[in-house]
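For reference, the structure discussed in these notes is given below.
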């Protein structure tokens, strides 16, 4: 692996909530333009790991670096400005703002700082792209759950991120929507965005991820190409229980 | 020694008041900023009945408690419950309940001023009583004993009855309690009423040794809040320790420095706690 | 700038110019009421700049207002300093205090923030009274100037112009957009790169600066400054009521609440002074139960409904 292609490096990260160790001495690297999946049973620490990368939570031990610079002590707004954007597991839109303003929110303060007419123009293009074109001045609360997810993605993309964190963004989609979603993520990757996704939808993991990481009880139990990892007996045991 | 005992005696009554507010906030999730006015109502009732018929405040307390329970139950049922229902999130409920209970506080002050605008001065058991060779006012000791009694009764109710257990369940998780078949709105109303009743009884007890007037409620609201925040929301043991600390600090400042600074000292504790340990003295830092 | 923006500026300027003409027609009684209205307009509007979008209910107005008035009184009585010098010093001190309070309260929200601001104002009030009573007490604080109510009124109209201009600018700036996002979801705000702490402190400091400036400018009206008067917590509550009554959704919302409530208070104080506290309580309850978005919000809802029904 060439030194410059390393984008995100997570090294020996530990996060404790009181007595509970949510993430235990976890390390992994993500290369430029890679799609990395994080999978594991509920409560295994996937979302916590995402929160540690985006700065929503402070880690107890270890380091996280972006392009060779430590970001693990920065607050989330600084991390966003360095080029990491995310969606949330439970979708978080800005209810009293219009769709256009929701999408603009991502580009005004963060990694790319647009404002005024240019920001409006870019934001409306993004809405188009995620499938919400022509509804710019609709209030965000009028959207269905699925459309709220699209809107959240538009907001994350508005930052023109280097690294995009998707926390169960494909969950709850019907088969048609799922295929659209997978195609959309593929196209993002083709644009050069590095993507880390937490997902339970195994079809998506298989078709999207270059590599994936399996977590159980806060620790890494496997890492590699999806086909290999998903047939690993240890992984199957964790997912389906002991006696299979 | 004198300061310590006086401080502890005062702290006992404070603990009772904080217990009432804790019950309301912990279970019904409403920070009742009209709490202090419930204290003043208890004091006003004691004063009124004592002056009119020379009836002992302790008896008054028994009359006031069910009335206050019912009044607070009505307030929750008809004024606060609609707010809980219309709130889209916890933040909105918080803002609404702050404004609504402030409104109630001001309205109650206004009503009490028109009933009796001056100090509620009366003298009950103002006799010397000796502990460890030093003399204290008997009324303070009686008030302390009753505060302990009421607090203990409440504790037994919370920990050894079915309803008490349900109340504790709601205070841990409103949603989960609903799922296991607890009638959350009804229990919240009961807890709110009970909290109000306890607070009012505390007010009656306080009026035996501190002279109150209609506008002083906000000071007691602040004190109860100081205790709850210092002790950690929902933490009864913490609240008792915090109440005793507040009682001690106030007494010490009044005796050793200047009585005029008692309030400033209470607020200073409060500001420091909020700045440095907003999760309470014994609380764990939230992540 | 769009033509709509310019139109708003022109209208604002015309209305403020008209407001500045009030002393030409008003006699003593109405001048005094106009002065009260001007004072609360400035206080409520600047309060709403911070509290409107964030829904953080600040009860610290009295602390800043009091610092303004008290410092002017102290400076003039105890140190023989010139009035205008003291206005500058007092508003600077208020600004610094607001900045520090803003920094300190960053981690607090909801009821903790409300109680902190109220507790802080009360702490300052009791401390200042105590110092006054024990150390400097005997002389009293006099603010003797040759400024009449009309002069003070003009000063406040100028400050109002400043506040409205600032509000107009903020609404069109990144800062205003950031505040709206923070009011919706602080977590999201941080994750789109907004320095939430910085934005909140800036606006809180600005409203603290305005409150202390108003406190300093209005001091000559009272002539004699009493700590328990200028730091009165009632002022903070009235400011909150007026702003919420009018509606904080728009820059000119608070004044819609200020004018009727100031007149109502004037009437109550003149005729039924015992009931002034009761009126405050009822006002809070009316806001929560009948006008949760203020008069303006209610009107906008009605308009929206009517437009929909005519379709």
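A few points about this structure:
Letters A, B and C mark the chains in the order given here, with residues in each chain numbered from 1 onward.
Here is the rule we go by: a contact is a pair of C-beta atoms (placed from the backbone, for glycine too) under 8 Å apart; a residue touches a chain by one contact, two chains touch by 3 or more.
This structure is a prediction, so every number in the text was calculated from the model and none was measured.
Ignoring chain B while keeping the rest fixed, chain connectivity by touch leaves one piece. When each chain is reduced to the mean of its CA atoms, the one lying nearest the mean of all protein CA atoms is C. With each centre defined as the average position of its C-alpha atoms, the distance from chain A to chain C rounds to 43 Å. The distance from the centre of chain B to the centre of chain C, each centre being the mean of the chain's C-alpha atoms, comes to 32 Å. Look at where the CA atoms of chain A average out and do the same for chain B: the two points lie 47 Å apart. Contact with two or more other chains is made by no residue of chain A.
By the touch criterion given at the top, residues 31, 79, 82-83, 91-92, 94-96, 98-100, 102-111, 113-114, 117, 215, 218, 222, 225, 229, 258, 260-261, 263-264, 267-268, 270-271, 274-275, 278 of chain B touch chain C in their complex.
Residues 174, 177-178, 180-181, 183-185, 187-196 of chain C touch chain A in their complex. By the touch rule above, chain C contacts chain B in their complex via residues 55, 57, 104, 107-112, 114-116, 118-120, 122-123, 126-127, 129-130, 133-134, 233, 237, 244, 274-285, 287-289, 292. Note for the complex: chain A touches chain C at residues 54-56, 75-77, 80-81, 85-86, 88, 92, 94-97, 101, 104-106, 108-111, 115, 155, 158-159.
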